[in-house]
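Take a look at the structures listed below.
Two complexes, one shared chain (chain A), two partners (chain B, chain C).
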Partner chain A sequence: MDITKKKRRIALGCEGSANKLGIGVILHEGDLTDPSTCTSTVLSNVRHTFVSPPGTGFLPKDTAHHHRAFFARIAKQALADAHLSISDIDCICYTRGPGMGAPLTSVAIAARTLALLWGGKPLVGVNHCVGHIEMGRAITGADHPVVLYVSGGNTQVIAYAEQRYRIFGETLDIAVGNCLDRFARALAISNDPAPGYNIEQLAKRGGRVLLDLPYAVKGMDCSFSGILTRAEELAAQMKQANGGGGGGKGPDGEPFTGADLCFSLQETVFAMLVEITERAMAHVGSGQVLIVGGVGCNERLQEMMGAMAADRGGSVYATDERFCIDNGIMIAHAGLLAYETGFQTPIEDSTCTQRFRTDEVFVKWRK
Partner chain B sequence: MATDTAAGFPCALTLDLPFPDARLASVALQALRVDKELSSLVKRDLSAVASEGSSDPTVLRIEYSAATNRMLRVAVNSFLESLALVLEVQEELDVDVVEARQGQEKSG
Partner chain C sequence: MAATETQFPPPKVLTYPASAPPSLVTQGAEGRLYKTTHLVPDRPCALKYRPPKPYRHPILDARLTKTRLASEAKVLERCWREGVPVPAVYVMDPAAGWMMMEWIDGHPVRVGINEWLGERPEEEGETETETPKPADEEPLVDLMRRVGAAVGALHRTGVVHGDLTTSNMMLRPREDAGQANGSTTGVDGVVDDKAKAVGGDVVLIDFGLATQSMSDEDRAVDLYVLERAFASTHPRAERLFATLLESYGSTFKKAPSVLVKLEDVRMRGRKRSMLG
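Now for the complex of A and B:
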């Protein structure tokens, strides 16, 4: 049956571009010829995270191994939670990219297998960034926001124009989440549930001093590798000081702690993000900010962004950890939106790619 | 398809993996042949063939050749991990398995 004629349209989505394996099932209802009648419902959203020991990061080979080990279990759970039969599902969506090669491919192989086993269901390859954006729009109802997409792998300021999500500004080197995650290793902060979350909690205990860290905004863009290097240096000084050497003193002459470092790092990088977001808002004439991606869970970032948006008479939209952290439902949602416009990925083309620009996607489902 | 032993890929290995039926062998073939080998020093060819005395292509034939034994080992090991994933998905999520599980849950 032609998908555009169906009143209930259902997709299964599989995500594994980083250390989170997520599988979810989404339902779209309503008449596609009249978008105001269309609604989206999350039928299931299951995720398992590969956590590496403190002081380490997750490597592609181990991450792919994790995804392979958990895929069947998570898929079964997602199906069971959705209370559906296989015949109800219209398409299988998977993350085509961007992300880490081996983990992406491991999930794609499993997605292909499902599509083939289940009677040759269509496959839809999805851009991970577009998945975040579409899920953010669906959950928050934000109309025409400037989108700040911040995660361990990506940092982009995006605005929609003429059927593309256009990148207005981005990191020139590493993602802000990557900066935070790698800094966590310097302090051997636990990666469970996520290093960024633990930095956020530790930062709440800091704040006595704001340490001087390099602030690197360059026009519409920003860079984080310099601030990471400096933060790692300070962490080393601090550890030395505790061992009896000199150094490790803040501007008030007192020794600074890991909590002070976390606080200072957050304040600095988040201020940078607020600045480049504000610049895009001024350029585009928008008062709304939608924050998506794992770093978007951070309440301090939401607070700082909210203050800036309020100053401009606007507001901030953010989702909770079910949706801002990588998940399968966002892939199902964005994939189903594309499938409803007639897009699908032939199985022989269902590869993955580590680099996949957000603006490469033709957003046919929006005007 | 003959392996390229003359063309600088002297280290070769062929694996024949029997499947319960031609459908499952075909599913595995289609899922696994999409991705290219990461190294240009490794060649892989997949096909579904019939076992002796049968006309049904229930066997997945995996033919690898590589420039060195080490590359062959690394490539084949990696492939086997992907193959194991395909097999697990077939075992746990095929249509009849899912339906049986859902039937059990309804009556249980």
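Now for the complex of A and C:
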């Protein structure tokens, strides 16, 4: 049956561009010719995260192995949670990129396998960043926001114009989440549930001093590698001091702690993110900000963004960890939106790619 | 403008009694611009104020405000000393976040060009029909030459602006231009006489994102930013941008190599495909 005529449309989404394997099922209801009648319902959202030991990061090979090992289990769970049978599903969506090569490949192959196994279901390749944006819009109801997309692999300020999500500003080197993750390694902070979450909790105990870190904003772009280097140096100084070697004094002459370092790092990098977002808002004349991506569930970042938005007479929209952190449901949602406009990825083209910019996607489903 | 005045508390320096009350001219992402007077009631000046950002840690906020304002003043001072047409800095208080500088009479280049082209920039939807070439557009062409020369003079001193647009350039009426009162319309005022709209001296303003650099790359990016801004603001005058570049090319010794670099920057666009 023609998908555009159906009143109930269901997609299964598979995400695995980094260390999270997520599979979710979404339901779209309503008449496509009248967008005001359309609603989205999350039927299931299952995730399993590959956690590496403290002091280490997740390597592509191990992460891909994790995804392969868990895929069947997670997929079954997602179907069971949604109380659906295979025949109810209209299409299979998967992350086409950007992300780490090996994990992307594992999930793309698994999605292809599902499509063939389940009697030739259509496949839809989805841009990971667009998945985050569309899910954020659907959950928060933000209609035309400036989007700050912050995660372990991406840092972009985005606004929609003429069928594309246009990138107004972005990082010139590493992503903000990458900066936080690698800093966590320097302090051997646990990666469970996520290094960023543990930094946030530790930072709540800091705040006695603000350590001087570089601040690197250029127009609507920013850079984090210099900050990371300096933070790692300070962490090394602190370790030396704890070993009785002296050194590692804060601006008040007292030794600083890991909590002070976490606090200072958060205050500095988040101020940069809020500043570039504010500049983009002034540029496009929008009052709404939507924060998406794993770093987006940091409550301090949400609080700072809220203060900026309030100062401009606007408002901030953010989601919790279920939708901020990589998940399958966002891939299902963005994929289904594309599928409803007639988009499909033929199985012979169902590849994945590490480089896939947000503005490469033609956004046919928005006015 | 009057309605927005009460919305923000003005900086302390503007709360002292004055013969003419200060007025808020614009509000950007960075800060606010007020018009007030300096020392004597008949000397108008512009006061740029960077208010504290409520979201930022107070120590970080103070550090950023201070260094940015100081570097902006330093760049302006350097340009002024070298004869680049920029407003003179009168007095500043970096810790309080404000800087007082010369008030530039006249209107932005953007307003002048639109006035000449006889269209309102806000009106969209007009198709890009080929406008009949005016019989004599020499005054507009000459303006493009003067803009090119001003940007060239800026780059020659080792400063890149960082945000070149036709809104960040003023057209100051010449004092000897017959009419003594000149054009005293506000920032977005309407100028009736077309030739007068594009006349006057080009003065570069708003150095909030300026940096000191002598590299071809940075200079070319500066030009590229202007080119893109020009094309989106004045699509009908886009063809005249070549005149601007031509004039730029003859302003200093290394200018021709900047123009070669500009070709590279155009080919590359601003963004490359990246992976964190």
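The rule is short, and it goes like this: the second predicted complex is superposed on the first by the 367 of 367 C-alpha atoms of A that agree within 3 Å, B and C clash if a C-alpha of one lies under 4 Å from a C-alpha of the other, contacts with A are read in each partner's own complex, and residues count from 1 in each chain.
Going forward, a residue touches a chain if its C-beta (ideal position, glycine included) is under 8 Å from a C-beta of that chain, and two chains touch if they have at least 3 such contacts.
Quantities reported herein were computed from a predicted structural model and do not represent experimental measurements.
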In the superposed arrangement, which partner chain does A:318 touch: chain B (first), chain C (second), both, or neither?
neither
Mind working out whether A:337 is in touch with chain B, chain C, both or neither, as first, second, both or neither?
neither
Would you sort A:130 into first (chain B), second (chain C), both or neither based on which partner it touches?
neither
Check whether A:271 is in contact with chain B, with chain C, with both or with neither, and answer first, second, both or neither.
second
Max touched-residue count on chain A (chain B vs chain C) belongs to chain C
Applying the touch criterion given at the start, work out whether A:65 contacts chain B, chain C, both or neither, answering first, second, both or neither.
first
Touching A:105 in the superposition: chain B (first), chain C (second), both, neither?
first
Which stretch or stretches of chain A touch chain B in the complex?
65, 68, 71-72, 75-76, 79-80, 85-86, 105-106, 108-110, 112-114, 116-119, 347-352
In their complex, what parts of chain B are in touch with chain A?
26-28, 30-32, 34-36, 81-82, 84-86, 88-95, 98-99, 101-102, 105
So, in the complex, the side of chain A touching chain C is made of residues 98, 152-155, 167, 170-171, 174-175, 177-178, 210, 215, 219, 267-268, 271, 274-275, 278-279, 281-283, 303-305, 307-308, 310-311, 354-355, 357
Please give the residue numbers of chain C that touch chain A in the complex, ascending.
28-30, 53-57, 59-61, 63-64, 162-163, 209, 271, 273-276
